[in-house]
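Two complexes come next, and they have one chain in common, chain A, joined by chain B in the first and chain C in the second.
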Partner chain A sequence: MNRRLGWFEPLPQATDLPVLLPTAERRAPRSPAELWSGLPRIRLRAWHGLALGLVFTLSAGFAEAQTGAGRPSVVATLIKWTPLLFSGFLFNIAISVLAMAGGTAVGIFLGLGQIARRAPVRGVAWLVTHFFRNAPWLVLLFFCMYLLPFQVTVFGTTVPLPDWVKATFGLALPVMANVAEIVRGAVQSIPSAQWESAAALAFTRRQIIWMIILPQGMKRMLPPWMNLYAILAMDTVLASIVGVNEVMTLTGDALGAESRPELLLPFYSYILIWFFLYCYPIALWTTRLERRFAVDR
Partner chain B sequence: MQALWNWFAGLHDRTGINLTIFYDAFDRHRFAEGFLTTVKLAVVCMVLSVAIGVIGAWLQGSKLRLLRAIVYWYIQFFRNTPPLVQLYFFYFGVGAVLRTSGPGGFAHPVVSNVAWAILSLSFYAGAFNVEIFRSGIEAVPRATVEAAEALGYSRFGAYGHIVLPLAFRICLPALNNNLVNLVKATTLAYAISVPEMLWVSSQIWSDELNVPEMMSVLLICYVGLVGVLVFVMHRWEKAMHVPGLGSAARTR
Partner chain C sequence: MPSIAERRAMSKSTDRPIVSIHDVHKSFGAIEVLKGVSLDVGKGEVVCIIGPSGSGKSTLLRCINALVPIDRGEIRVADHDVHKLKTDRELIALRRDVAMVFQQYNLFPHKTAIENVMMAPIHVLKEDKAEVEARARRLLAKVRLEQKADAYPGELSGGQQQRVAIARGLAMRPQVMLFDEVTAALDPETVKEVLVTIREVAEEGMTCILVTHEMGFARELADHMYFTDQGIIVEHGPPAEFFANPRETRTREFLSQIL
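So, the complex of A and B:
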């Protein structure tokens, strides 16, 4: 019986180190997806949110106790700033969604480029993927923030490029490289018999990839892709370092305007709760899909 | 050497490509220091995080429930919050509390920003390493440990001589992934103005107004640094690969 290890490897036959063999199937670290995509797997639990809520409640309580007479209460202050902070949070969401969409669109072709039949195409795709995978996210973000012009002129119309659009480009680059790896890994995980039988049925190579391999690879692509999105959504706060008016920057501004140090923890835990509420369903769904597809096989 | 520096000065005159880090001794020194700081930060964090991983994985197998609980909570905290938030939490949150009055009565931090960056990043990567080592340790059969015990090894001795070397070879691919991510995460130290490569470069480009040149240098340096690391790790992974356990080399 040819058992499959994780997602990608059949169990080889020969060995000269029998001491580990009985546990070979447990060898794969806890989440094969983590090893495979090279990114940490986000595993959020409901109680993480409860813990955050507890931190928020306790810190708000302490802050309330420190609030002098005649000053607005912590809750009132939070409510006052919520519309502004929420507009910043929407920027985070917009940046993450756009970066993911753009990165995925280009990344799919980059991933397919890595399995192209022409060696130069393969080489270029490999180089681009690994260049952007090896570059730190923050450096790519800086790169786009400083080097993209503040406006571009296309056919006589001037399109302004605000900060957050540049940040979107900066984050789309690493996403693109990671999606490329996800696609490549998924395509290579499909048994070669699928390719051969499709070729025997006279499908062209393009048809095989788009109609047979990619739809089957979808199962393997979807969980790591969603995990990548969760990571990206959390990493949009990096844009605060380069001065985009997203939720972290605005929280800092709000705290500066209030100049009450006891509000620091309530404000930041409040923001963390938002991120948790946004990422938790994604993480939950990822785990569920992973489990369902694992049973399916 | 001087001829090379002069060539870069000439390059600036001829083409306007202003690479001050080559022909200007001050900038050259700054950038070299920044590069070294990044390398040092990365190496120290890697060593510390691996140590945390080994110790944490050992504590996870402890008989004391309290120890296991501490490791569990540690992993939960560091795995599920973004590293930037952790860095801010340590530097602005904990760092603000840990202050003594220094010379002249000014508040003086006990732990410097560099030390906070090292601690925070090591703990961040360490949390992943604990789980990685744990998964490796779990793959070592109970019978092997029992055999070691029968030969008179203590729990510690069996861990150090039998279990860990085997576990290490099993979890090396996952460990390498994590360490590469750690090196990339050292850029976050910029946020608390640790003078590493990104921070130094931002200083240079604000002084010399040569953003495109510095950006390119920065990107090449980082990709080179991580590329070398990935290459070395990959070779090492191949050399340490346990025969009969699937090819780790093809996973990245």
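So, the complex of A and C:
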């Protein structure tokens, strides 16, 4: 059984390769499925896009039919708002890229912390990872919105923290925890013999991790990491709830300004199509990488 | 230019042994794997350890470079008191002097053959890259794989991978080389190419400790044979005598099964 050990449990002593003890707890080969570590797997298909297109076309046609004489057509209205909405969409992308970059950078160390030799380090890393991985994303977002100050003073310089920066922090936290799990899983999927032969060549533990183990784990980490990014990109719309001027907020504003309820469905399906166009290639590439690496092993 | 045999004779010395193991005990949980093992290996000597599986041979080999810490006893390798080593720095100093070749080759799959050979000298010994590369090419030529320098381990046969692994060990210019059943995972037709390589390494005066099942090879190459069973050394001696007149019943039984 591939039971997960809590950090508080002692590491098993029964291995004939004690140099590996820090990682021995989960030496059994892990299936790639485990690397997805509990996140939903984004499986977008081309027909999903076609279906969205159909919904958009139908709803736009329906709205057009309801448009009173003398009012601008649905398409003209959409085109009018597109520059603003698109700037909001770019904002979503920016937030997702920043949150992913920050979350990944910290998450790698958090993941390595979970396999550290010192028990307290493992304990803290385990606790942090599991707290942020299991907390609802929206709750973390609210936490950051209301707990982070509106400005911080570093070395006498005051840096304002606008809402979108706080939202980025809020989204980076679950990313961090999920990256930590991906890294931990990938590191532990590398055969213990690699640790042993590297240790026999007098590499330090740090060198072994960064030069030998992580590079080999890379191709296992990449598909779940990209999946995580697709999830994050879609979840950036959560920031609208806390008042960031991203695409959902702006769409709401636009609809409010137009005050034509029939536009609701065309507008939102229009935005959905953007998200689809952004995430579909990522999902496609993820699946392709996953397949290629599955053949390699 | 002295002959190989003469060079070997010259490199051997009657000084204190380069590897000295005294009364080593090791348990894994309740299982006692080594129950007081002692052996000495002189500089330039070739020592073969044979014995049934589970007799502690591989564990003994891993104690020498501290991949396995021992419970009791003493191990000295060159100037390192292995049983006293605590810090990473001390362990690394020891492992710079002791190379090891594994049954499953354990090359780094994400690096080419020559990168496998070059990595440790560059990053562990901090040697000049160009110099290391020249040495790596010489070593690959020596194991007859200069054509395969840029191949990844996955593109090489087992025997070729094992020869790269030997070159990788030699690149550290160790004082002692440990071979852990290095031909056990190979196809019969590739065993020979690896044995030829090991013989060349041994004939150049490298101190070698081999755990092996290749009796013919051991008889021909070894200066000293050790037979282990159930965590102790049952019998040891020069190969001629060891194979012709084993004294202990257990040795005789084992040899009759395997020969």
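Keep in mind that, in the parts below, the second predicted complex is superposed on the first by the 261 of 297 C-alpha atoms of A that agree within 3 Å, B and C clash if a C-alpha of one lies under 4 Å from a C-alpha of the other, contacts with A are read in each partner's own complex, and residues count from 1 in each chain.
Keep this in mind: contacts are C-beta pairs under 8 Å (C-beta built on N, C-alpha and C of every residue); 3 or more make two chains touch, one makes a residue touch a chain.
This is a predicted model, so every value here is computed, not measured.
K.L.:
For A:R205, is the partner it touches chain B (first), chain C (second), both, or none of the two (neither)?
P.N.:
second
K.L.:
Which partner chains sit in contact with A:R122 here, chain B, chain C, both or neither? Use first/second/both/neither.
P.N.:
neither
K.L.:
State whether A:P136 touches chain B only (first), chain C only (second), both chains, or neither.
P.N.:
The first partner, chain B, only.
K.L.:
Have a look and say if chain B or chain C is in touch with more residues of chain A.
P.N.:
B
K.L.:
Per the contact definition in the header, classify A:I241: touching chain B only (first), chain C only (second), both, or neither.
P.N.:
In the superposition, A:I241 contacts chain B only.
K.L.:
In the superposed arrangement, what residues of chain A touch both chain B and chain C?
P.N.:
14-19
K.L.:
Going by the contact rule at the top, pick out the chain B residues touching chain A in the complex.
P.N.:
Residues 76, 79-82, 84-85, 88, 92-93, 128, 131-132, 135-136, 138-141, 144, 166, 170-171, 173-174, 177-178, 180-181, 184-188, 190-191, 198, 202, 205, 211-212, 215, 218-219, 222-223, 226-227, 230, 242-247, 250-252.
K.L.:
Using the touch rule from the top, collect the residues of chain C that touch chain A in their complex.
P.N.:
Touching chain A: residues 28-29, 33, 58-59, 62, 65, 67-69, 88, 92-93, 95-96, 98-100, 102, 104, 106-110, 119-120, 123-124, 168-169, 172 of chain C.
K.L.:
Sort out for me which residues of chain A touch chain C in the complex.
P.N.:
My answer: residues 13-19, 193-194, 196-205, 207, 211-212, 215-216.
K.L.:
Residues of chain A touching chain B in their complex?
P.N.:
Against chain B, chain A makes touches at 5, 8-12, 14-24, 26-27, 29-30, 34-36, 38-40, 42-44, 48, 130-131, 134-140, 142-143, 146-147, 234-235, 237-238, 241, 264-265, 268, 272.
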